[in-house]
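Chain nomenclature is as follows: A, B, C and D, assigned in order of appearance, with residue numbering initiated at 1 for each chain independently.
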Amino acid sequence: MNTSADPVSDGPPAVELTGITKTFPGVMANSDVNLTVRAGEVHALCGENGAGKSTLMKILYGMQAPDSGTIRVRGEEIAFRTPAEAIRSGIGMVHQHFMLADNLTVLENIVLGAEGAHGIGGKARRRVLELAEQAGFELRLDVLVERLGVADRQRVEILKVLYRGARIIILDEPTAVLVPQEVDELFTTLRTMREQGFTFLFISHKLDEVRSIADTVTVLRRGTTVGTVGASEVTSRELAEMMVGSGLPVPEHGPSTVTDREVLTVSGLSAAEADRRVLDGIDLTVRAGEIVGLAGVEGNGQTELVEAIMGMRPITSGQVKLGERDMTPLGTLARREAGIGYVPEDRHRQGLLLDESLWQNRILGHQTRRPVSRGRWLDRQGAKDDTRRIVEQFDVRTPGIDVDAAALSGGNQQKLIIGRELSGDPKLLIAAHPTRGVDVGAQAGIWEHLRNARAEGLAVLLISADLDELIGLSDTVRVIFRGGLVATADPRSVTPEQLGAAMTGTQEAV
Amino acid sequence: AKDTGGGGDAGGGGNGPCRLSAPPAGAPAAPTSATTTEQMPPPNASAMRVGVAFDIGGRGDASFNDASVAGLDRAKADMGLGEIKELDAGAGEPEDAKQTRLRQLAREGFNPVIAVGYAYADALKLVAPEFPGTKFAIIDEQIDGVPNVTPLVFAEEQGSFLAGVVAAHKSENCHIGFVGGVQTPLIQKFEAGFEAGAKAAAPDIKIENEYLTPAGDFSGFQDPNKGSEVATGQLEAGADVIYHAAGASGKGVFGAVKGAGAQAIGVDSDQYHQPTVAEYKDVIISSMLKRIDLAVYDYIAAVARNDLSTVPKKFDVAIDGVTYSTSGGKIDDLKTTLDAYKAAIANGQIQVPDKP
Amino acid sequence: MNTWRARLLPPALAIVFSAVLCSAVLLISGADPIATLLEMVAQVGRGTTAVDIINTAGAYYLVAIAAAIGFQMNLLNIGIEGQCRLAACVAAIVAGAVSLPFGLHAALVVVVGAVTGAAWCGIAALLKVYRGVSEVISTIMLNTLSIGLIAFLVRVFGEMRGNSQGTAIIPDSGLVPGIPLGGAGTVFGLVLLAVLVGVGYALLVDRTRYGFELRASGLSPTAARAGGVNSKRMILTAMLLSGAIAGLAGLPEILGRDHTFTVNFPTGYGFAGLAIALLGRNHPLGVAFGALLWSFLDKSSLTLDNIGVPKEIVTILQGTIVLAVVVAYELVRRRELAAEQRRVGKAVDTAEPVAASGGERA
Amino acid sequence: MTAVMVERTPSAREGGRKMPGWARVLLWVVVGFVALAITSYQTGVPQLTGSGTVQAAVRLGIPILLAALGGLWAERAGVINIGLEGMMIMGTWGGAWAGYQWGPLAGLVAAAVFGGLGGLLHAIATVSFGVNHIVSGVAINLLGAGAAKYLSTLIFKPISQNPRQSPPVPKFDTYSMQPLAGWLQQLEDLQRVGISDVAGILGGLVSGVSPLTMLAYLLVPASYLILWRSPFGLRLRSCGENPVAAESLGVNVYRYKYIAVIISGALAGIGGAALILNPGQAGYLEGQTNNRGYIGLAAMIFGNWRPGGLLGGAALFGYSDGLQLRSGETSVHALFYGAALLLVAVAAWQVWRRNRFAAGISLVAAAVMYSIYWFTDELPEELTAYTPHLVTLVVLGVAAQQLRPPAANGLQYRRGADQ
């Protein structure tokens, strides 16, 4: 490792990207992007979904080749063909979606690909421990990564980068999955490391965070750079306007439509997975016209709760009732037929048949109901007509309903799913991360649809990692921690920090 | 340490040679007048076109297909056949493939057409009536009632009886073994005869017998690995002469026998002279000969003379249709004994069972 | 992926590619590829070859549909071979043992065949659903076990005719008359069964809820589950269905020609079925085409001995076709998806109103 | 006023009883052995633990072991290799071809090369063209069989006069670890409870071993060391667990997959060579692999994608096959007694783990096994011939749920594509 440069040096910029253009079939992900990152600064990249941030970073990291443009690292022009070459130039990247092998140990994940330095044995172990200490992390190196929580996984990712001697570190949405307290910890680490001379490229949608950690902010819109500003010189509002070209949408409470008709009643619900309790005596009620938000750090049981309500996961005790009807013995399909709509958290894996046409996707989950089927037979015409309705009503941007779902962009895929799940007059909608990775326009549209449905008496159980969304949309917020509901919050008065404290189990502090 | 070949001794817990019963006496010398055809000068058949449909294995299988090839070759040399066409079968092929093969030969004017192997039985029953002008023969299956089909069948149990006698006399432990390839009725004839022969020669003898696979799994004829294991098992149990009827798996049997320094008896043709098992020559003390070559030769000659009545109904010991080989000279001392048994079988004094 | 081009191009490419490769192999071994092909085509006109092609294609079609049902949901039923043989054996035993009026008798036999096939496959299905045993491994084991079971059944319930062991001859009432074409042979009556199964399969997959669930489970098990598809039930029923159809495949021959099951019953139908289903892309018509092609290659190859060309060339040809066809499908699929994304991209660009119309709301 | 209303404090999680992996394996080996020894004496079938049976198990198990190792290498890199059978066939042909001309060592090398070629083809199809792994495997099995047939017609027929067989091929010699093998033989001959059983089993392992068998023995720990204790192996395994992550760390996933699948093919090819070059084997013979490639795959799954485990799978298969081939129906019959004993042990284990239900099931199964043993004298020969397959199926049925395949096994990976 070279000697620590003083922060914000006057030497050549750490990274200089000029005229980067990258097209995917049908999408111009980057067009003529310019970016200059000084050594020793935290440089934030902002932009709405699909603006091309990740693509740009993948190009810098050698994972994707630009169609044109030049990359300079510390003044030297370089064309990376593989991540290995970028790593050699001292660039490291922590990806938006973690790049960890679950079935390998922490140590193995860290040394993978960099075995040249210290092998994979004791020497490597000592070096990793040393680095962990420097960064202030506490990690056991021999556990399988699958056993780690999100924050720990992120630490592993950062250690991976450090182990390779990276001085320029790309962090793609590192805070998306963290609660405020964890974010603070992360920022402390970043600041320490900045003092030690590291340079950061930091991507986030959360503008407050950006302003608190970054020295400089560059905004991307539709694949091009809109401008670069000093972080201390702008307000979040100004940043947002740069990003979307207009005002930033915020979820807002309309008038309350909550009734006292209980639609979903969950009582004493417990579930286990291989000796481990994943749900622990959950009691939960959602009334008609009410949106109940579920806050929690990923991995605390929200996925399991949703699956248990949907009948996709065996439970050890408890009851799920829809209206007066006991759902507990029913399968997923029967629950859907009884009036539960379900927007799954992972649209690619759970929401869609990517290799099927849009109208075939309309049938999924509704295969027993009109208008897409008649008894045991499918009603192809009915399905097509209703898909056209959804495309129209929900503004799904597509040339037709015969294209494969895979060809649609993420936001449009999500709109199709929401449209489908609101079809057939559901009584209850379970929406898991309905706007995750969806751009601002689509996001506002989805919120609008949820609110309208609520006004018509729909009960909604909303799971989201975006606390602003939760607070903005919900009538009640419940907090889940280690498989149990540990707190209830009033969205009209609670702050994200307070929620965050409850989510990490440190609610005594509030 | 390197295991020197033949180091193992098979006769571990041996109980010594058998108490042998005397060979049947008083049997008149066998009617050595083999077949009638043998004695006549070979007819001229230079215009004859012979078609042959082989069973799986085909020419070069070092087994019954090859035996029929030998007959063909001799017929060609002696009688000057016009043309010979041979078609091969595929493993596990359906019935219609066999039919097509026979039809193809018949349609192209080959006459006679010889079907090698009982697998052709059903196909032949169907195809032969379609070509009344063509003469067909089938090896190893008795087909009656189709006028233009001549069955060429053998008394394998009689030959195997002789192999049993050889084994009983040559065993030092009075313990012998039989390895069958696939447990089909045909192979069971070998087993039955072998057992009968061994028991006749030495009533107290112990006989191991084992098949590699059950009926329907024809891999038993193709798996020397298994042959070797089964033979090893029998050798370790104390057997020291092993007779096999296991097709290509026999190689494995010979291998195991050689490794243990024991003795083996081959099958179908004179395996002592067979190139594919040449390395095991020294342990092959005899082979049960099933003279398919003779049957094929006789049949072609009979067709050439246009007198099928001269073809024997069954190729048995009486006409040397099944017999034993003496190549290698290991059983020269047994010749008289064996011939006595042969004569007794031929004149009906001994009835050899064909089912175990 | 719904254009005709995307459907037909890959198999055509594959067959051309395989033909070129095999020609090269033939040339190396000193044979004339053109003459070989002509000879194979000429063989179709000879004797009963044409009818044999149809008959065997019928059986191939059944095994391939059995395989296709599994493929639809990413289940690999390698046990078709065993299911087909065992079902044929049991059906023949029952057929030889009962006496029923004409028609009813054969119908019973068909049902027994289907049930046996389903039951044998059901073992693998249960092991998969309840014990998580990969169906690939269990069906491979079951294939081998079926050989032993068949040998046992034939010994206990069968009879000996000359040197061949088989089940009792089926009385006339149990037979299914064929369509006699004189010297060209007789088309098995049960080939119609293959046609029926094909029609049923087409309707099932394309038009019914069950078919939709089947495809959905194959395309994305996770999405299907979230969509209310009971994956255990689907695995179980799909395997049972696959086994049942596999169980029919041996019957045309037995009820139409052999009138008995012998231990010499042909082998290799199972793997042919897998290959044909791949070739035909699990599509009812594609599979029919594949079955005919496979059968043609099999039957016409019988003449290759006549012109001194090793028959094995056909096995190589078949292997190359399978590999080439999947490669071609993959390449065409990638191209089509890219084209479609371009199309979507264009459509979205022209219709681009505003990215963020979400500013104003109630 | 607090906005967050605390309802209750979360409860801690409880854990079950656990035992380290190696101890469990050791325990089961011991239990299995004790059951076998008891069975051997109670039923009067000494072959169960005889050195002969063990040697047979080794000979029969080696081709399967090698195929299973081949499967391990491919699947650890994320490529399912059902084409092992075809690669094995290629190996038998190559081994016989080169062995005939230049001796067994050359045969071994050629078998590896020919198997490796099959692996290369599989890699091209699955890695470069994204073909479904199983489809490619099925095609390779067809191709391997076809190509070997074709080549042997072309090359062997003129020499051996037979298109389906090679001429005799020179074999490896066998070696015994003397004087240990001799001592063990003496011990075994004493027929003392326990001691003779151990001596029989160990003796079977150290006597009559060919270099190829030794190589196979060595390849098991070597595979472990390479795959689990070397940087190369870490990279290779990472391709089977999360190739996207591996690529992002500069691992050339395509290259590692290629290497793994080619090695896999080479190992399968060597497995084929074991059918040619080991003493007692014939030369090349059409159809001689007889589905051993598939069995190898089963042994690997059985062994939970680990070298030690697949060794156990191959050993179990070889053992039950050797047993049924050598001492036929009686010993297989005795196995039912052994199975009953083992199931009682399983029941005890389940009681210890406080799993009453499973314990009950095991006891019932044990009773069934014992009554089969008690009420029958012999089993139909047709069925005992396939004991190994039945045993594999049953054991998988019992154990499959604890298996853990590599996470990205069988998935298509394309460079530059997300997930």
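What we mean here is this: a contact is a pair of C-beta atoms (placed from the backbone, for glycine too) under 8 Å apart; a residue touches a chain by one contact, two chains touch by 3 or more.
As the structure is a computational prediction, the values presented were derived from the model and not from experiment.
Trainee: Touching both chain C and chain D: give me those chains, sorted by label.
Mentor: A, B
Trainee: At what distance in angstrom does the C-alpha mean of chain D lie from that of chain A?
Mentor: One centre to the other, that is 43 Å.
Trainee: With centres defined as the mean C-alpha position, give me the chain B-chain C separation in Å.
Mentor: 40
Trainee: Can you compute the centre-to-centre distance for chain A and chain B, using the mean CA position of each chain? Integer Å is fine.
Mentor: That gives a centre separation of 77 Å.
Trainee: Could you list which residues of chain D touch at least two other chains?
Mentor: 163, 382, 385
Trainee: Quick check: what residues of chain B touch more than one other chain, meaning two or more?
Mentor: 88, 91, 183, 213-215, 217
Trainee: If I count partner chains per residue in chain A, which residues reach a count of at least 2?
Mentor: In chain A, nothing touches at least two other chains.
Trainee: Sort the chain contact graph into one of these: line, ring, star, complete or other.
Mentor: other
Trainee: Hey, which chains are touching each other here?
Mentor: Pairs flagged as touching, ordered by label: A-C, A-D, B-C, B-D, C-D.
Trainee: What part of chain D is in contact with chain C in the complex they form?
Mentor: Going through chain D, the ones touching chain C are 82, 121, 125, 129-132, 134-136, 138-147, 149-150, 153-154, 163, 291, 294-295, 297-298, 301, 380, 382-383, 385-386, 389-390, 392-393, 396-398, 400-401, 403.
Trainee: Quick check: in the complex, which residue numbers of chain B touch chain C?
Mentor: 85-88, 90-97, 99-101, 103-104, 107, 118-119, 121-122, 130, 140-143, 183-186, 213-217
Trainee: Can you name the residues of chain C that touch chain D in the complex?
Mentor: 25, 29, 76, 127, 131-134, 136-138, 140-142, 144-145, 147-149, 151-152, 155, 271, 274-275, 278, 310, 312-320, 322-323, 326-327, 330-331
Trainee: Per the contact definition, I'd like the list of chain B residues that touch chain D in the complex.
Mentor: 1-3, 57-62, 88, 91, 183, 210-215, 217, 219, 222-226, 228-230, 232-233, 236-237, 248, 251-252, 255-256, 259, 275-279
Trainee: Note which residues of chain C are touching chain B in the complex, please.
Mentor: Residues in contact with chain B: 46-49, 52, 55-56, 147-148, 150-152, 154-155, 160, 162-165, 183, 253, 257-258, 262-268, 298-299, 302-303, 305-306, 311.
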